[in-house]
Amino acid sequence: MPHVRLTRHFHFSASHRLHAPALSAEENRRVFGKCNNPHGHGHNYVLGVTVEGEVNLVTGQVVHPGELEAVVRAAVLDDYSYKYLDQDLADFATMTATAENMASNVRDRLLAAWPAGFPALAQVRIQETKRNVIDLPVIEETV
Amino acid sequence: MPHVRLTRHFHFSASHRLHAPALSAEENRRVFGKCNNPHGHGHNYVLGVTVEGEVNLVTGQVVHPGELEAVVRAAVLDDYSYKYLDQDLADFATMTATAENMASNVRDRLLAAWPAGFPALAQVRIQETKRNVIDLPVIEETV
Amino acid sequence: MPHVRLTRHFHFSASHRLHAPALSAEENRRVFGKCNNPHGHGHNYVLGVTVEGEVNLVTGQVVHPGELEAVVRAAVLDDYSYKYLDQDLADFATMTATAENMASNVRDRLLAAWPAGFPALAQVRIQETKRNVIDLPVIEETV
Amino acid sequence: MPHVRLTRHFHFSASHRLHAPALSAEENRRVFGKCNNPHGHGHNYVLGVTVEGEVNLVTGQVVHPGELEAVVRAAVLDDYSYKYLDQDLADFATMTATAENMASNVRDRLLAAWPAGFPALAQVRIQETKRNVIDLPVIEETV
Amino acid sequence: MPHVRLTRHFHFSASHRLHAPALSAEENRRVFGKCNNPHGHGHNYVLGVTVEGEVNLVTGQVVHPGELEAVVRAAVLDDYSYKYLDQDLADFATMTATAENMASNVRDRLLAAWPAGFPALAQVRIQETKRNVIDLPVIEETV
Amino acid sequence: MPHVRLTRHFHFSASHRLHAPALSAEENRRVFGKCNNPHGHGHNYVLGVTVEGEVNLVTGQVVHPGELEAVVRAAVLDDYSYKYLDQDLADFATMTATAENMASNVRDRLLAAWPAGFPALAQVRIQETKRNVIDLPVIEETV
């Protein structure tokens, strides 16, 4: 059976503030510019979750889309959606919620909740705006 | 010369919190749901500004795009961009930053800054997400 | 308070077959081409529902988005979604499910279910593909 | 039968140079900036053609899409597509190919070729980029 | 000369019904939900065909786009377009037309028709909706 | 720290003419069709620049977006934007400005200007239209 990659996209709205705890106020302002504004700003994020594996001979699917959606919803979206990420989520207490850090946090959350028998998690994508996209390939041995 | 409408779209990222000052905490929660979360959330907004008028015989344009952009930038975007609207802008001290109220605030800001000789401001559009769009036609006599 | 138009977009997948009951098989083939293929074909439709009215002074909204969504879901999407429209819906027994006829059927379904106190239904849009869009303005006196 | 508006979108690639014959070289540079560069530049244009009329009781359509497409193709696209508009088309010999002038030229070309029995041409849209859109409503008495 | 990947996208409308022949009616309903509705539903599919190879020194192209289009049209689109895939195509008699199975069927059809001298077929993508995308990398030794 | 790929997209408008210096006028017409029209045509290009590397522990970023933008702007966009590429740029004097050749020229320009300490340039994408996309992976040893 063919080996395919399925990517499913999820939309959520949230806000963040780029502010590195290890930097001074002035350095933060210089590094992050207006993205360091004190009360944050937000985006319509698109989260792309890619799985990779064999197509099931009976169902013709690499994964049941409803089951994948349930995992992503419980592990990520229920916490992220309509939140001020840096303020509302403990995960971002010691690192700022850049798209890069969000991608790595989403990967950790998904791997911790990944059901046995699921195809491998292959990549996490965070699209902040149409102009700015982060792809985090998931290294195989961690799966 | 033909009479046309030109719409120019501007993108900005901001956050807001739907919270009506006149309602109790419980009523706010019921009316706005997750959009009432205490620290706000954000969007990649698209602002559409529509002008309407005669095409200039010499330039073939209804308005100089650079001049229109300068007006919108100074009157709206410089204040809105990368801000937590309800917290950072005095305009939203007594009304919450719904897309409806944002459209009406943008119209007021544009009309106050509108240069003499510009074609009429015909409409303001606030697109919060691809699913949710507010159009505010500008009533002619106010122009 | 300002008078605005809010448009909310809904996505659904369905199939249809363009086949006019009043025409012969040959005429149907000539008028509709491949869209007359015997077993139908489908689209990712986008339904745009536009309401028009005063912004509520307390909530800053022209309509509660969750209430509007509930009306559209119950009156239209629960029946349309994942269906072969011409076959599965009695509404299309005597007229074929062109985008034009779908728009007019959606308008009838919405008007029949429209709650008292809602702002006026101003327009129904059916986008069949990005290339093909039908707008049906709702004549005021019918509201 | 309901009265609807159908908009059909057409894509074409072309180039233009904004340069007003009545202005000096220096004035052209000041008014149009980089859009006045001597050898032109180009866009992926989207042309939107809107017709308005009654839905045909038999076919369920306001216009036969293939017939509309044939008119637009012969009257506009065959000439515009893959061309340097200001250089290749006599229509732009005395006026520069701004989106505004293109919209008005498209309207003239369509009205001259408009078949008897077609629904009214209601609007011509030229989208130069996603940020810049011209709408030219067609005044009824000219139809 | 540089080694590049060219992806060309093709749009087509079709309908399908997710129904696994090896499962009972009840199991099909449980696995596929509304996608198992008896008369099918449809999508505006986007097919992405990726080729990979050296850029031709003379033409500056990795493949002649018209020739690639002719191959895809004859091998895939002429059969897929405006069809109810599960009903109209023998290929889906024993497997249901999921996006995964469609991708593998498209790959087989393309490889069987692939002209000598063409760059390698590198990947087939089926985008069912913006939310759901299947990528099928073509294993090199099969090319 | 995680290893990520960041892609940043840049929009520019330009025109080109597909015309291979090594071919006769007749051969050029046969190979490139309307894209060989004598005065060129244009596109709204999207340039995607992908970098790959470790996320900085302090800033949470793989690269400072403003610094990346400055490099791309100075090395590519200032020359490409609003230009007739084949006519205005010496780079295309001996090769025609196909998307393939543009991608390879952009890679050469970026590598020549790439700042020390920047993450590796991983890929250059030229999207000519939504239908036509070129990806040029940057081979590691050249970085």
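Here are a few things to note about the model shown:
Each chain gets a letter, A, B, C, D, E and F, in the order it is written, and its residues are counted from 1.
FYI, a residue touches a chain if its C-beta (ideal position, glycine included) is under 8 Å from a C-beta of that chain, and two chains touch if they have at least 3 such contacts.
As the structure is a computational prediction, the values presented were derived from the model and not from experiment.
Two copies of one chain, subunit A and subunit E, touch each other, and the residues they use overlap weakly: the shared fraction of interface numbers falls below half.
Of the chain pairs listed in C-E, D-F or B-C, the one whose interface repeats that of A-F (more than half of its contact pairs identical by residue number) is B-C. Taking each chain's centre as the average of its CA atoms, subunit D and subunit E sit 34 Å apart. Note: centroid distance subunit A to subunit B, computed from Cα atoms, is 30 Å. Taking each chain's centre as the average of its CA atoms, subunit B and subunit E sit 42 Å apart.
For subunit A, residues touching at least two other chains: there are none. Under the touch rule stated earlier, the contacting chain pairs are A-B, A-E, A-F, B-C, B-D, C-D, C-E, D-F, E-F. By the touch criterion given at the top, residues 11, 13-16, 34-35, 37, 39-44, 81-84, 87-88, 129 of subunit A touch subunit B in their complex. Residues 2-10, 55, 58-62, 64-66 of subunit B touch subunit D in their complex. Across the complex, subunit D is touched by residues 18, 20, 22-23, 31-33, 95-101, 103-104, 107, 130-137 of subunit C.
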